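One structure below.
Chain IDs A, B, C, D and E follow the sequence of writing; residue 1 opens each chain.
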Amino acid sequence: MFKDHLKKISSTAAAMIIFSLLASTALSISYFVTKTPIEESDARAKRIFLNQVIPSNLYDNNLVKDTISVEPNPLIGNKKNIDIYRAKKNNQVIAVIIETIAPDGYSGEIKTLVGIDQEDKILGVRVITHKETPGLGDYIEIEKSQWIKNFDLKSLDKMTEKEWAVKKDGGDFDYVSGATITPRAVIKSTYKSLLYAKENKKRLFEL
Amino acid sequence: MDNRSPYIVDAPSVSVIMFKVLLALIPGIALYVYAFGLGVIVNITLASLTVVLTESAILAIRKLPIKPFILDGSGLVTAWLLALSIPSIAPWWIIVLGTLLCIIFGKHVYGGLGYNLFNPAMVGYAILLISFPSIMTHWQIPTNLMENHVEWLDQIKIIMNSHLLSKETIDAMSSATPLDYIKTQLTLNQPLNIIQQNKIFGFLGGSGLELVNLGYLAGGLYLLKDKIISWHLPVSFLTTLFFTALIFNSFSPDTFASPLFHVMSGGSILCAFFIITDPVSAPTTPKGKIYFGVAIALLVFIIRIFGGYPEGIAFAVLFMNIFAPLIDSLTQPRIFGHK
Amino acid sequence: MQFNNIFKFNGGVHPEENKSLSTTLPIARLPIPKKLVLPLRQHVGHVAKLKVKVGDQVLKGQIIAEADGNISAAIHAPTSGKILKISEEIIPHPSGLPDFCITIESDLKDKWIEKKPIAWKKLDSAALIEMISSSGIVGLGGAVFPSHMKLKVNQNQSIETLVINAAECEPFITCDDMFMREKADEIIQGTLIAQSILHAKQCVIGIEDNKIEAYQALKKAAQKTSIEIKIVPTLYPSGDAKRLIYLLMGIEVPKEKRSVDLGIQVFNVATVAAIYRYLELGEPSISRIVTITGNVQNPQNYEVLFGTPLSELIKAAGGKSNKTQKFIMGGPMMGFDLPSIDVPVTKAMNCVIESSPELFPSPKPVMPCIRCARCADACPVNLQPQELYWFSKSSQLEKAKDYNLFDCIECGCCTYVCPSNIPLVQFYRYAKSEIIAQDKAKEAANTARERNESRLARIEREKKERAERHAQKALGAQEKISDDEKKSTIAAAVERVKQTQQENIKN
Amino acid sequence: MSDIKGIALDGFWKQNPGVVQLLGLCPTLAVTTSVINGLSLGIATAIVMALSNASVSPIRKFIPTEIRVPVFILIIAALVTVIDFSIHAFIQPLYKALGIFIPLIVTNCIVLARVESFAAKNKTTPSFFDGLFMGLGLAMVLTFLGALRELFGKGTLLSGIDLILGPSANNLVIHFFSDYQGFLLAILPPGAFIGLACLIALKNRIEAR
Amino acid sequence: MITALLVMIFLAVVLGLVLGYSAIKFKVDGDPMVARIDAILPQTQCGQCGYPGCKPYANAIAKGEADINQCPPGGDAGAKALAELMGMEFKPLNQEHGVQKPRAVALIDESTCIGCTLCIQACPVDAILGAAKQMHTIIASECTGCELCLPPCPVDCITMEPVLENSQSWKWKYPVYNIEKTSKA
């Protein structure tokens, strides 16, 4: 009796082992086959995204790989070290891409990428993630509206601090009526990241 | 042979009940017109027309008699409640679409009068709010606060042709509701007493809105007196809302509005007497009604303070509607002769 | 009016009373009809056993059918005459179906059999109950439960309180009211007899506050007794025994228990008077007071012999009126349509209402239930009629049972207040009778299954025995066969039996 | 041949996974915000189903009954991972759009249901076609639901086609209204439930005739 | 890579052992389904379904050998209840096995009966009383109306009497108040 049971139990176990070995083999093969293409396509995707913030014709380095790590700073709202991408042309840093966090969105944090050149001018801003009300606050996405392009080429020296606000508050930025919290948050965080870039110019832009 | 005892009845018909509810809404509507102009009347008219036409069409499709079901008045109650829930300057198609949604998705997909799981008006309202958040948060400011005087004809024009108006014009005559305003200003770390200095606040709730709410209150008391609704729902809802707000307010008066403000602003009064008292989608046992009212009040408070929307009545009511059958089955009263 | 020590139950309704219609004239006596039809089943329990055959001459008060077992009641000839036939006749029942009846052709002499009053004071309760069991007395309030059974008390029970039900809460009905006004003495006497048989320590009469004259008559008659008369507010259905007990004493009779278990027994006023008449005067139960009211010329109460065709009563009240559509037996809350005006007056018939469209308008269109719970507010049993309706309507009978359908007393309060005009009680009646029928069918199926199984077992056993006998015989023929072979033969036989069994199953 | 026809009829209509069996509701509801999303996840699922049915069927007699479910899951999971890798490697934008839902095909009940109820009892060829047609049936529902939601929600069709065919395909996107407000509900999760309910109702309605 | 493989193998061993063990440990004996099906069947024991009684038919249904619509006394309602229990689609009663008839009980014409006991042997519920060469009687309350006693009777003295409704067995009917009807009235 006991022997029968043992036999049955061990046979099921053996079958399981055989099938899992087969599956593992299949997985290993496909893993090795797709490994390089996956890496390439991931890098390509990241580059495409970063190119929205800094046009690709401005730099000649491998943007995805060329980063420096910075510590937490209230101006960019990060809570742990993050990487800042640096765009170089002829071995000169011409612009950086900073990931900033606006903590005061309508329903939580808004993460953006801000591209800033060495003259404290914004090259481009894109939203990475947000939780704003669909249809109300989500016009900060490039897929939904062109609003985010308002930031292009804006800089600290051409505008007073007061102008870094929505029109309703006497500022320079357009907004969708009824939803002012979201643009306010993005404007504020972008403004602060400019301040950050200015303060840390040496570190960010020197090799 | 028709062995149908009892042979005598003494009850107001469904129509009478529903028309009394409509009657009870009139003081609130009158004050609405007084404070905000005729926009709401346009909306009510549009909603009523839509409801009659749509419901007739659906009843015809379903091969049901049209007259008794139109005259039962339940469709009109839904239409009026929806019209009172949306901003009075919303474009005309909002109320028409909303009423359509109420009648189709709130009522007839479940089988029509008496079978709907959810409060039909709130179904329509929630769909509108989710789908058109921008329009649904543009509330008209009371006429006496407007910088340029608005004739009633202008209001109709706005409702009928809102897409022709510039954003500035709309902004000039609309604002967030007091609840919404508090919520957004609080995120900017403003203390409450500064926030409430804005002109849109009145002595109890929102300027103008508090008057309308008093009108609803009068209508609600009439319904209570006439035994159209039972006391359990409004009392449990309002006291829970009041005391929850009181507790939070006493801990931190700078971030939590006063209990009276919570009761007198937003749709609290309308909700207490007209929305949660919809018999079809609410529990039927006395105890169940109390639990229902308490739960909705807590949810409303939670959504108002912590949620993504400034007002939580529609979602709270819809959410609790799901539980109404469960509440009913758990709160069966003790039967005569049972332990 | 002040109500002292009254315990109000939840719910209840107060329909328009319409009682004054039939209280203007005193109780009249209906002349003896030519023909009387007496159904054998006029009570709860077993059908009475026939004691006469066609052609027999009977005297007034003679037993013509006797009680069959304990829960049953005798039937007496209401007047003297000849047994005309014993056949199926239409009876006053909501089904409109016929049942077995004795038809007596009266000789108009109305000759009494020898009346034998009983010296009840000298007899003990057991003997009295035995005697009352042949009195034919049943609950005259409408429940028609054999009265002697209610007077019988088990050893482990003792009756504390005797409640006399004088509430008569249904609109239109005034038979008890008029009876109390005119025969208060008989009622009080009967009450005292019942109290002494039951050895009840106290006795309360509960009467609604709309019967002041009756109250005063009772009060006067009860002056020198310890009987307490309590006035209860007029509210339907306070005449329901369990409701009345609660009103008077604040005691709820638990589910599946009877009031007797709590030491309370309830009798209707007319029932105790009938007991009095039987014991003191020797008159069995052969007549009752019937209210005829509604759309009749002369609404009035009549003393009517059982078996009298309803048409006689209608004639006495002025005949059928123009707009009369139908006749209702009982009150407007719990009554039912009579299948014909030829039905006989029975022990259960307390009231007949001629119905006209003005009196009882035809029902308004039925709308869907909006769950307003007015019915739940009106339910005197605290049920949830809207849920019961939902389950009954969709034939979810188990669910209906779970929601205590069988606690429903079918008083009709829920339907009375329904804004959607839903015939709620009809649905409960349907569900109840469906459940009962299904339970009966289930029981029958179970019996059939058991009988089938025992039959199969028997056949198998017989087969086995036969096989063993065969094996035994084979054994006897070949004595030299070794033990091993014996075993194998038996095994083979058993195997064969098994095989045949299997084949049987396969077939 | 008629056998395969019957299988196809089952997959597309009679036993359609999306509107009859109501299996695989998670992707049905979650990814159908546009035609392209619905169609591509549908096709991915169909491929997994065809392959898993085809690979389980020939070895069905060697799998002990006690462990058949884990073995099926193992096979399905391996196939899904392979597909996940491939999409990630070669159609990166689509991989981003469909996100977690590709690995989640493993948990899609319809895949296991077909393996268990069909492939484990039938020969390889019919099993392959069963998986394929069931998958395509699901893909059909996903596409239809996606179209419905996209049309009502955004007023477009085929938006996001560039994810698959590259940016040049952008002019294939059909815009129905020039100035459409957008009916957000259709795009949001509740819209998926309502849309699916309408599809089921429609199917039952046609069936009832 | 090696770790991944080891994890897979470890999982395979554990799963295989656990499942193999539970297959032995939690083996289900008997079939409670049969009893539940049998409870739905009307217990007429008439054999019209093609099986020698209700229990064998229940067995066959549980095994999937018989269809759910072969019981004429159960009728469509019975088939519906069975379909619900089995999670199958409802099928109307298969007419090949007979049609549903109103309930009836057998009645022996006692003047014709010759006392052959053939009907007694045929009765599945022992509802016929009598002995050889003596008159037989049917216990009406036990008769299921299966009609199995009809064919064996050599003198055709058994008839089926339909059970009629009387005031005791009468049921309240389902109230039908159609809104269309009443609104016109």
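Assume contacts are C-beta pairs under 8 Å (C-beta built on N, C-alpha and C of every residue); 3 or more make two chains touch, one makes a residue touch a chain.
Just so we're clear, the structure is a prediction, and the values are computed from it rather than from any experiment.
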Inset, instruction - Indicate the lowest number of steps between chain C and chain D, counting one step per move to a touching chain. - result: 2
Legend entry - Chain whose Cα mean lies nearest the overall Cα mean: B
Inset, instruction - Name the two chains that are joined by the greatest number of C-beta pairs in contact. - result: B-C
Legend entry - Chain separated most widely from chain A, comparing mean CA positions: C
Inset, instruction - Averaged over CA atoms, how far is the centre of chain A from the centre of chain E? Could you give it in whole Å? - result: 69
Inset, instruction - For chain A and chain C, let me know how many angstrom lie between their CA-based centres, rounded off. - result: 84
Inset, instruction - Quick one: report the Å distance separating chain B from chain E, using the average Cα coordinate of each chain. - result: 55
Legend entry - Computed distance of Cα centres, chain E from chain D, in Å: 43
Legend entry - Sites on chain A at which at least two other chains make contact: 11-12, 15-16, 19-20, 23, 134-135
Inset, instruction - Could you list the positions in chain E whose residues touch two or more of the other chains? - result: 15-16, 19-20, 23, 172, 175, 179, 183
Inset, instruction - Going through chain C residue by residue, note those that touch at least 2 other chains and give them in order. - result: 94, 363-365, 367, 423, 426
Inset, instruction - State the interface residues of chain E toward chain D in the complex, per the touch definition above. - result: 15-16, 19-20, 22-23
Legend entry - Residues of chain E that touch chain A when the two form their complex: 1, 4-5, 8-9, 11-13, 15-17, 19-21, 23-24
Inset, instruction - State the interface residues of chain C toward chain B in the complex, per the touch definition above. - result: 9-10, 13, 15-16, 94, 96, 171, 242, 246, 252-255, 257, 328, 330, 332-337, 339, 355, 360, 363-365, 367-374, 376, 380-384, 386-387, 403-404, 407, 412, 415-421, 423, 425-426
Legend entry - Touch list for chain B against partner chain D, complex: 105, 127, 130-133
Legend entry - Complex contact set, residues of chain A against chain E: 5, 8-17, 19-21, 23-24, 28
